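Below are two complexes that have chain A in common, paired first with chain B and then with chain C.
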Partner chain A sequence: MGDGRRTSFFLQALLLAFLYLFLYFPIFYIAFLSFVENTTWPFPPLYTLEWYSRLAIMSDFHEGLFNSLLIGLGTGALAALFATAGAMALLRYPVRRKALVALLYLGPLFVAEVLIGISTLMFNRNVLGLPGNLFSAILSNTTHALAFAFLVVLSQLVRYDWRMDDAAMVFGARPLRCFFEVTLPSIWPAVLGAFLVSFLLAFNNFEISFYNLGAVPTLPTIAWGTLRHGIEPELYALATLVNLAVFVALLLLYLLIRTGLVRIGLPED
Partner chain B sequence: MKNRGLRFDPRIQFAMLALPGAAFVFVFLVLPLLSIVVFSFWRTERYELIPEWNLENYRIVLTDPTYLTFLLRSLVMATVVCLASVVYAWPVAYFIAKHGGRYRLVLVLLTAAPFLTGIVLRVTALQQILGPIGLVNMALMTFGFEPIEALMYSNVASAIGLVYLWIPFMIVAIYLSLLNFDFELLEVAKVAGARPWRAFLEVTWPLNWIGTAIGIVLVFVPTFAATVTPRFLGGPNGSLFGNILEHQFGATGTWALGSAMGVVLFLVSLAFILLIGRTIDPKRTGFTGIGR
Partner chain C sequence: MTPVLDLQAVEKRFGAVTALSEVDLTIDRGEFFALLGPSGSGKTTMLRVIAGLERPDRGRVLVEGREVTALPPYLRNIGMVFQDFLLFPHKTVGENIVFPLRMQRRSRAEQQEQLAWVSRLVRLQGLEERYPHQLSGGQKQRVALARGLVSRPTLLLLDEPLANLDRELRREMEVEIRRYQRELGIPFVYVTHNQEEALTIADRMAVMYRGRIEQVGDKLDLYMRPETRFVAGFLGHPNRFSARVLEIADGRMLLDWNGVRLRQERRFETRAGETVELFLKSERIRLCRRPDEAAALPNRVPGRLQDAIFKGVFADCFVTLNNGAELVVAATPDAAGIPRESPVTLAWDIADAHAFPVEQEGGGS
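Up next is the complex of A and B:
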């Protein structure tokens, strides 16, 4: 009996280790490729920084980076705002029709990205008569990212103690003042988390942004174009920079929460 | 003072907080989706939509053997990828939830983090491992072995790629369900004489079915609509329904037919979601979510 348990413990641990290898090996491997000259069979590796210097002088790259940043920032701000308001509404008030509201917030999770992309393309083009642009890309990325932002805020806010707000209200604080002076100071990490996740999703989004933007480049559409015409080593450098930025951002958020610099509502126990 | 009373009415406050986001999703997602339902009954002529109502687009999508093949292939692909993800994600999520201790959060976040780097870059990375000049084949050839055909530009490579992309959803969904699962129940089952496998099948699995079901849906929807992965990993016989769908909005500009394909894609996903939803028994679940 004990042996069986130990076997299954080690088997599961092994599967987890293999999963990490499966998920991270390709990412680290292209990071390695981005620093070598002989990218097809890099053994022994001939190190170079050429791909990074080529990337630095690619004008498409600068424009794409700027556009991706704009889409990320716009989407992050909108999604974090709506998600925080929505999660507060859902958790705080004993109202019926909660399920319907939750469905609208979470529904986009169940709509494929390509479908969001083509339907907003068609809607803008044929109903509103507008060409797609960065603004419409931000709006439709927000519908998709909102679901994730909502889950992030919701998961943190379930531990928030609304009696603090009630107390503030009893002492005469208006709802807005109460939000900025009582609620927000304790829940801001959740809001930041929602912003960060939506930012990253929109920054790296391909299918939604592509159909909204046409020929306007973003980093994912540049990567897609390069991939289509046969891979060029600049893409390894691009991917490595983006992956690094993503992991650094997540690490910062994690440390912020772990070090206790930031605490949400009441402690867990 | 009456005005003040109104502002503190919980229903008004609820509406003020919840409605902007809900209205936003309605205008920028639900309306566009409804618009392609309308367009799917029109026709296209020289890159322009003509509002003449007809069922021709649906007749083509649902009877043309080429399109049916793509649809069927996507269904099979999504099913296989879902099954593979469930089988792999379960022991992993179980291990993290049960033995992760204080590192649980890190361990599960590590499985989810690559998801945020975006599908194009993830597929790029995977192609450098599995592709014809990827690490695996180059290594085999360097050491004098035959390259593995199945790994480059094939449906197998696509399936591996899709599991690579979406398994984080499955792991997180099962993990969250297991967090709310009382592992003591397994001790009870053991005392009552149940073997580990029997306890798993009769206690753990059914009580966490809701997490698995949500994971299955979250993997099924993007896999069924996949475009990037089959394009760059699937090879000549690897095109899926998503590829033929995007084709209508690119080179051919047959908007109406493309809209009908979009509607079919959405309806099949919806039918799948409802089918899985019916199997969830809210009374038999260890999951506690919204509205607890």
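Up next is the complex of A and C:
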């Protein structure tokens, strides 16, 4: 009996280990590769920091990083704003055919990113007369990220008690004041979540940004560009740095939650 | 004198549901007014219309003679205490209480002054730095009251404020709330579905049913002289039975109740042969062990005592009458000592029961 239980525990642990390996091996392998000289067959590895120093002096990467950050921040802010406004309207006010309205928000989820890229480019250029630039790239990425952001906000906001806003208004708060004094302090984790998701989607996006920007570099388009003349090890260094930033952000969030500085979700009262 | 609140033919529909229909109501200065009704009768909608949280489809709302029908809630200076307290979870008790003053841009000094005053009034001193989740139910209730009162509003609305408190605390808070109302002289409109609470706490009250005000007036009047069938059947949980009209003379009716003759006041048009419904509160019935004790009263019905439950101040007696009906009587507590199956006589006066024409199911009042 005890043996059987131990075996089952062992199997479960093995399964879990395999799962994590599956999830993280490619990421760690790239991190490992970014520190070796003999990248094609790194056994035994010859350690070096050359790729990082080369990355540091490539001005393309700096420009790409800057552009990607800009697209990420812009998209994150816009998508979080629109998603919050949309979810609030849907939940707070009597809306007819709520499910349909919500579903229509999610449309871009099911459209291939390439198509969003091409169609937003066509629309921006032919209909609006906008040139392809960072601004149109932010707008187009927002089209895409909004659906995800909306889902994130909606899933949290269904638990918010809107009578709290009624109370604030009865006690003299105008709508904007009410939002910042009462609603936002309760729902900000949802808004932050929507921002982070949209930021990462736009930061890492290739197709939409590429069609809207053309020759203007972002990190993903640079990565793709270098790919055409063979994978260069600088890419490993780049990928490792980006992944590191994401992990540090996640770790920070985890620590904040553990120490109780940040509460995900709404308070019980 | 202009009333503090004046509702004129207010109507509110939600889709196919009529939540309020032609509601007229005035509330005067310094009044403690209760709105009583079963759930779904429209009383909460009425509070929300008064507060400005719902816009009526028809009719007008006047506060101190000024029309506010289209005014948003934040321009009305009406205080409110919500059923689930609805304290702002990210603000301390003190911040919650001074919130209305901050919204009115009162000076910091005045905020602190009013906070000190209202904390003393509702006995919350020392809790100002706590957060709502660190408070007990009763303390939350006091914070909600303090927040409602702190700006000395024209009117305080209370929406089932004690529904979430246990019985003991409810008793205590009923007394407290009455005290605040007396001390401040602000008119209170108190919504509840609990008739004991409404009768205890208010001076005047209205009974609502299906979006209409059935009757409004002094609470004793409503209890003793119900004007509609609903109020008669609702207040005091009375006995209810039907009888046939035999004769009508001198503003009185002679009724046949399964072979028993009853004499009853006639307060509406009816003809011999029609059926009327009677509502008889259990404390209006006299329980007599000897038939001659009841000789002075016009209505006397013999029966047998089935059970008597001692309740302290009185005893609930269940009596099966010789005509087959069963009535509940609130008798003096010593009735609990009467042996079961003893013959008893129940007696009451012509004005003790309230008669109404029998209505078809689903009809209005």
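A few comments on the model shown:
In this text, the second predicted complex is superposed on the first by the 220 of 269 C-alpha atoms of A that agree within 3 Å, B and C clash if a C-alpha of one lies under 4 Å from a C-alpha of the other, contacts with A are read in each partner's own complex, and residues count from 1 in each chain.
One rule holds for everything that comes next: contacts are C-beta pairs under 8 Å (C-beta built on N, C-alpha and C of every residue); 3 or more make two chains touch, one makes a residue touch a chain.
Owing to the predicted nature of the structure, the values given are computational and were not obtained by experimental measurement.
Looking at the shared chain after the overlay, A:Phe9 reaches chain B, while chain C stays out of its contact range. Touch criterion not met for A:Pro233: it reaches neither chain B nor chain C. In the superposed model, A:Leu33 makes contact with chain B only, not with chain C. Of the two partner chains placed around the shared chain by superposition, neither chain B nor chain C is touched by A:Gly193. Applying the stated contact rule after C-alpha superposition, one finds that A:Ile116 touches chain B and leaves chain C untouched. With both complexes superposed, B is the one of chain B and chain C in contact with more chain A residues. On chain A, the surface patch touched by chain B in one complex and by chain C in the other comprises residues 169. Interface residues of chain A, counted against chain C in their complex, comprise 161, 163-164, 166-174, 177, 181-182, 185-186, 267-269. Remark: chain A residues 4-5, 8-9, 11-13, 15-16, 19-20, 22-27, 29-30, 33, 40-41, 43, 78, 82-83, 85-86, 88-90, 92-95, 98, 101-102, 104-105, 107-116, 118-123, 126-127, 139-140, 142-143, 146, 150, 154, 158, 169, 175, 197, 200-201, 203-207, 211, 220, 223-224, 227, 231, 235-236, 238-239, 242-243, 246-247, 250, 254 touch chain B in the complex.
Residues 48, 51-53, 72-74, 76-80, 82, 84, 86-90, 99-100, 103-104, 132-133, 147, 151 of chain C are the ones touching chain A in the complex. Interface of chain B with chain A (complex): residues 7-8, 10-11, 13-14, 17-18, 20-22, 24-26, 28-33, 35-36, 39, 49, 88, 91-92, 94-96, 99, 106-107, 109-111, 113-114, 116-129, 133, 135, 138, 142, 164, 167, 196, 217-218, 221-222, 224-225, 227-228, 232, 242, 245-246, 249, 255, 258-259, 262, 265-266, 269-270, 273, 290-292.
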